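Each structure below is given as structure tokens.
Here come two complexes built around chain A, the first alongside chain B, the second alongside chain C.
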Partner chain A sequence: MADAVKIKINGKEYEAEKSESILQVARRNGVYIPAICYSDRFGAIGACRICAVEIVGMKKPMLSCAMKVKDGMEIFTDSEKVQEFRKKIVYEWDKFHPLQCGVCDKSGECDLQDINYELNITENPSEEAADPLTVPDRSIHYEWRIIHHDANLCIQCRRCVTICDRVVNFGILALVKKDWGGREIDTKDGKPLECEFCGQCVSICPTGAMSSKLFKYKARPWELAKVRTTCQFCASGCQMDLNIKDNAILRVTSEDNTPNRANLCNLGRFNYSVVSRKNLIEHPTSNGKKVSLEKAIKEAVDILKSCKSDEIAAISGARETVEEQLTLKLFVENALSSKNLDSFASTHIGKLYRVLPEGIEPFNAVSDMEECDVIFAFGGDVANEMPRLDWQITRNVKLLKQSKLITAYWRDAKIDTLGSVALRYMPGEEVEFLNSLFGALANSLGVKSSVKGSLEIPEDGVKLLSEAKKVALIVGEEALERPYGEEVAKALANILMLLGEKVKLYASSKYNNSYGVLFSGVADGFDTFGRRKEQSFSLYELPNLVKEGKVKSVLLLNADLFTVYSDEDARAILDGASVIYIDSYLTQTAEHARVVIPSAPFSMVNGHYVNIEGRFNSVAKALEGDFKPASEILLEISNQYGYSIPTGVIKDAISKASFELEGVNKEFNNVESKGFEFGDGLKGVLVYSKFRSGIFSSFGDGASIAMNEPVVEVNPEDAEENGLENGGYATVEGLSALKLKVKVDEKMPKGVISVPLWFYGYNGYNLSGSLNNLFSAKLLKGE
Partner chain B sequence: MNEAYVTKNEREVILNVGPQHPATHGVLRYVVKLDGERIVSSDPQVGFLHRGIEKLAEYMTYNQFNPYTDRLDYLASMNNNLAYVMAVEKLLGISDKIPPRAQYIRVIMAELGRIASHLVWLATHALDIGAMTVFLYCFREREYIIDMFEMACGNRLTYNYIRIGGVARDLPDGFLDRLKEFTKLFYGKVKEYHQLLSKNRIWLKRTKGVGYISKEDAINYGIAGPCTRGSGVDWDLRRDMPYLVYPELNFEIPVYDEGDVYARYLVRMEEMVQSNRILEQCAENIPDGDVMVDEPQYVWEPKERVMTHNYALMKHFVKVVKGFKAPPGEVYFGAENPKGELGFYIYSTGEGKPYRLKIRAPSFINISAMPKMVEGGLIADIISVIGSLDFVFGECDR
Partner chain C sequence: MLFNDLRKGLAVTIKYLFTHPVTCQYPDERLDLPHRARWLHKLETYEDSGKIKCIDCGLCERICPSKCIKITPKENEDHTKNAAEYDIDLGRCLFCGLCVEVCPELALSMTDVYELAEYDRERFVYTKEQLLNVKTKKG
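Moving on, here comes the complex of A and B:
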């Protein structure tokens, strides 16, 4: 150990590092020190003072969370003096703390209850000295939408303020002075809470002051059974516990020992109601009529049998478990003998991993980002695409202060508030930008190459990147989903190759099992275990193939067509081909498909999701229901088709649980930048919202309460030119038109507007065309 | 393999007694190897009523486990409550602080439980051997005791009355009067039983010299309670490792040296009389006062206080949901139960739930001495030995 010191706690000697606090050393060695405000998620605050310990030679008790260890320190954690000190603090907290344990949601898992029990407090001298009638009523915030805040229950430990600031990096909460003379937790500006609604403040609150409105009065903590599972809303693979009572999910929690450090975003924590009955497909249908499962399966088999093998295409929505994906793969390749198999993952990460350079580690643990001294985030707003990555960056930069941040995007985003070296380009210039950066980097590293670009790259960014010991390269989904995404991937591959071994790659994805798709070989260009193979079929071609009559039947597994195609193309596929749709959620595709077979949603299946780290996270069945998993449905279809799928092969593949995905690219690519030709109007960009991942996520309460309609973001100057006001409505015209609420944002570059994807009823692809996220836009004032 | 399962010659026959047999007092499967009517060897098989109670305890707070102890020896639930609660109190270090009134109530309940348990023993023991009348007499008096239990706690079989820190509630009005009435009456009743059995020729033939176990064997097998005291071992935890207010009370420990079924019969008959003496003294001497110790960290506080005091309410929630935090350490406490020494061993790591809880069940240990007792005897002796060992399978199989 570097800088090892020896300290004595309660007479016993322990080894410690100089950089550690007393509390950390004690906890590591199983010595109990109570602490309310301290959490490993964000470090010491020093607000609660309950962790005070007696140090020999010091008069007053010292805070063990903030105090670093010194050689030869002698510490007593529960001497009488310390206990008295702690009691006095708790007396203050308890002073007229409302007698509401009986109706308070927190009761039973409340830290204030625990500390009262621990210190065995039976009466409160500070309460006896005061008159209860003089205690002012504090505010109760009913208007904070998902979050309920009752300041009367607050003990002002500032955990919520700290987690909002240091972990979430939103920093909207503060201790604010109030009319009655004291302080309360409130928003900094005093307006109703408008934030990410991640509920981190609810999860960390020691008392019932912060609580979830979705959970309030539904159940007591001790009635809930917890089932550990993996979140279904993006590829972060956050581990969470579904809290179950009477076969329903009532809330979602996460434990400190999870890889995501108990952090969950809005979708993970509050959007659980997406699996409630009203959002699920109830029964199988055929041509819009209710039929039995047997009949629907028979119908599906008949459709498939009536087509030649190359007339059938199958698409996976990258949301199902790896087991289901492998079943689909075996069915399509062996039973149908069709090569027409692809997945939504091909729209982004598939492009990058197809051109991954040799020697680059394809997957890295998110926590390993802490080893990197430079973080380079390219091509997307990380905070919207993957909150877990955003929070890991925040931890590196803000909390641990050990990394520098470089962002390359077309606008200032949330992570730029951490203090970044901002490299900017305009939408459509991604390839040009990457080539220019490559040129500058190659120059600075002394590598000879012909790749060059025309953009000027600020020197400090290049210097940071070329001098970095370890670089975390975060690739945004947005850049890869551009129509020229393959060129972007190649240009990125050049940079990866240039940085070589010192780079750690993280490619964000909004689809929870898009990495599983690479493993199971459902995505175009990949075979099982992520091995490479020839590209044969792409979902980009599907609308044309259907229109030309080359594909007559389409098998969709969780692939809601409206997630990636425009309404026009999706309807063309649904009308032009016989679509067999297997999914859990009542999406638009389910309303129009020829045969619809409901499958069990993620809360009712056992299986695995593969996350951005390449980890196989297990998904556990938490609810009972009469739905069959998609794998069983596919097995049944396959049996009737005349092929029995070898399930042993699937089990073996899962138990191996490791990729054989290796980089192939050996030489720098020469990438021509085609860019995108915008018209005369504004540059329109489709972006992701942190409150949506796929259209089905609109169905949940958490997402829809946090944000129920999409907003078009506009630069103030553009807004003025077009006569738009913040909060008003505007018609956005691209290929077709959408009427959207306007948000005027100074951070938007002039001449660019952004429209978020995946709001139910507002298909952004209608503006840009299928599988494209750029369009030339016009803004018209709406009423 | 146990030799009871292997025949050596064609004269020998293997016979299963139980697990469904009216005289096995529960689900005992008793395998005997016979040579004619003579028992060559035998083997008791237990575990048919296994519920994993010791394991269950590891997933429960200390208070939650209390009702489970009722379901060990269900004929003496009060005594089981007592032994468990005393073990936990020893762990918490509050044994000395139990209010005197609570201690007296505990002794009253324990001795009433002993009499009730012995009455069922006598009733069934006699019934097995063929004396029907005794059964009716015994259950008549037992009813009297059960009614008193019902007065005190509302239940007639599983009481959960003795709680960590004291007893659930004070004795109701009129309880002590009924108790005095009972003690006055009970001496005569015991005499009635003696008249029916003690000099009865059939009874003597079935019990005298049957099921013999020597003093050494009784000690070596580790059997306890009335079974050992019938073999001349002068050992009773109430006197030799005293707890509660037993040292203040005047009673004798009956010991007989014959080591047969009849000796064990006499021990229990005499014990009922001694218990009655203890009850008489308790009914006279019981002091007034609290029935629950004032240790809010560990025991339930009165409902009125919980509903009106913040701190009581807060702690109540912690105690209910997470359980009170017992100090780390290990304890063993054994109490003199009607069946013998019932012991609880608790290992605590400082959590709200025990890390390990082991029950020393007297029924289980007493059964282990049975092959020794019946060896060389007649097949009919099994019935009278089973009766004299007085086991309950809820406790044996746990």
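Moving on, here comes the complex of A and C:
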């Protein structure tokens, strides 16, 4: 270690690195220094000053969170001088601080309480000396949808400002000067807060000044039991703690030492009420009538027995645990002897991983993105698709300032606000773009290949990519879900192969266990452990197979058909085949399926989800309920069908918990330059919203309060041409029509409109057709 | 002598028939309880507004050794908090008085009402309404 130094803290010698701060060294060695504004999530702010320590040779106490260590430094963390200094700061905070710990939600986990206790503060000379008439009138109680801000409790540590800016990259909060002379936390524009409602500010606030309205006064922190589990909303696999009291989830928190650094998005942090009873399927039904579980299972078995094996198809929704997926696989392949098994994961990552080039690492730890000097985000709005990737990109670019960002998409998105080299194409041109990029890149790297495209790729982007030491390639789910997604995947594979060892792949997925699907082999083209096998059945064919009468019975595990199919196709499947539906949530599929069997929802089941990193994360049962896990239901169905599923095989696979998925492609693919033919109208694109993941997510309070209806985003000129106003309504016409609220956004390219997916009651696929996210659109002014 | 024992016994009985009783004639009369006797809880209200004093700080719930207090809070218009429900399960209460002692709002007290027998365990759970309307015997 060239940068190694030796320092003394409280008389004891420690080794440290030059780049470390005093606080970091102290914490690493278990020496306590109070710190309120500092957080591992974003580093030092230097606002609270409570971390001051005495350094021999310096007159004033110095801030240990900001001060880097120097060789020979002698530090005292707890001298009288320091204590006095700290006390004075706390006196200022305490001055006129409302004494309402008795009701304050923060009480029990409040840093201000703790520091008062620690310094044994029982009186406040600063308040005694103050004129009571100078008590600032901070009667502000902002109620921002989910977030409650009480300025009276704020100690102005700026943690909320910092996390919103440097972790979330939203940057809406600021300390704003107020009429009474002081400053208060407020929105920069002074308007009521409209933001991502991720609650990161709530999670970081050391006092009760930022609190969650969903949790407000529900319980005292010490009454809550915490159960560590994995988020059920996207494949990031964020680790979170369900806070339980009286068999209900009252809030969701996370810890600094999780891989996601305690960060959670709106869905993870606030949408926990999806698992409340009113959103769950209460009892088994058959033909819409309530039946007992035994009867429903028997009915399911009868249906399956009445069909030939190739007349049965099974689909996994990519949201259930790996255990449940493996049970499904064993049942379908061994008991039913059917090859018709696929999963919603095949709509995106399945396509890419089927053509993964040899030698490319299939999965990478998200935090390892920090090794990359260039981040190349292609094909989707990552911030909406997978917030955890957004935070990591923000960390690399904004906080650590060690990576350059290249974005390739059809519009400017949130991550572009970090400063990016923006490569743009029009929706429908993905393949052409990737081929052009490949051509330019191959040229600059001196690789010979015939793959070329017709688009001009800006020089700076190509240069950055070809000179990068390590590239994080982020693949948006949206691009892979184009109707020509397979070509997109092949074109991407070419680029992966070109970049070779220096690339780290991250393919985003809104489905929390889509990577588990690859492991358990329920996706077309994959076998257990992610081994490759022949493709045999695709969910893309299902509607036709049912219409032609080739598939007579469909077994759905957590696969709400409306998630990927248009109403028309979903109804055709539900009416044309005998559908057996095992799921927890009261989806539209549950309303129409022939046999419905409720299974234990997230939070009532133990198991594993696999995330984008290929990591097996535990899902823990936190609530009691009389639901059976889907795996048990499948075991029972299988038993009655006459096959006993070897559960040992499942256990072995899980305990192995490692993939045998390897890239196979050795040659550059020949990519057909497929695109999409739009009509003369507008180009319509279905996109993902930050506030939805799966239609069932609409049922939760966090998502629905943050955004209760979908909006169609329109370029200002297009809006004017069609006589539309921001906030008004428009009828969007594609294959059929949806009436949607209009958001005029100058970041939308002219001629393109976007409609978000998965808002309950607004099926975007009605515009574009099933399993497709492009359509020719017309906009009509709504009445 | 025959019946001597009986005679002696009866003499005592007859003697006491004509003296004043020393036991408390419950239920015709009640003992005077000491000032700090700890019997049925009472939820206090503000004299002027009549509002409940309990803010649901949860300290009584926390300190209760037999975990027999359960409070369900509510948020008021002005963002203050009060108990929407306040249950004490007297079937488990050991009348230690810790809940009263810990209450920072002096919202809870104990009265001299000790007639608490019930036929049914469920009826030992006193609700907020019952606890607000406790009438002390002394008045």
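Criterion: the second predicted complex is superposed on the first by the 777 of 783 C-alpha atoms of A that agree within 3 Å, B and C clash if a C-alpha of one lies under 4 Å from a C-alpha of the other, contacts with A are read in each partner's own complex, and residues count from 1 in each chain.
The criterion applied here is as follows: a contact is a pair of C-beta atoms (placed from the backbone, for glycine too) under 8 Å apart; a residue touches a chain by one contact, two chains touch by 3 or more.
Only a predicted model underlies this, so the values are computations on that prediction, with no experimental measurement involved.
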**Request:** Look at A:D150 in the shared chain and tell me whether it touches chain B only, chain C only, both, or neither; answer first, second, both or neither.
**Result:** second
**Touching partner for A:W222 - first (chain B), second (chain C), both, neither** = both
**Message:** If we overlay the two complexes on their shared chain A, which of chain B and chain C does A:H141 touch? Say first, second, both or neither.
**Reply:** second
**Asked** Is A:E487 in contact with chain B, with chain C, with both, or with neither (first, second, both, neither)?
**Response** neither
**Request:** Mind telling me which of the two, chain B or chain C, contacts the most residues of chain A?
**Result:** B
**Prompt:** So, A:N116: does it touch chain B (first), chain C (second), both, or neither?
**Reply:** first
**Prompt:** Does chain B (first) or chain C (second) touch A:E184, or do both, or does neither?
**Reply:** neither
**Asked** After superposition on the shared chain, which partner residues are touched by A:D381: those of chain B (first), chain C (second), both, or neither?
**Response** neither
**Request:** Scan A:G102 for contacts with chain B and chain C and give back first, second, both or neither.
**Result:** both
**Request:** Would you mind listing the overlap between the chain B footprint and the chain C footprint on chain A?
**Result:** 101-102, 107, 222
**Item:** Touching residues on chain B, where the partner in the complex is chain A
**Value:** 296-297, 308, 310-322, 324-325
**Prompt:** What does chain A use to touch chain B in their complex?
**Reply:** 94, 97, 99, 101-102, 107-110, 112-114, 116-118, 120-124, 221-222
**Prompt:** Considering the complex alone, what residue numbers of chain C touch chain A?
**Reply:** 55-59, 61-62, 73-75, 79-81, 104-105
**Request:** Using the touch rule from the top, collect the residues of chain A that touch chain C in their complex.
**Result:** 101-103, 107, 141, 148, 150, 216-218, 220, 222-223
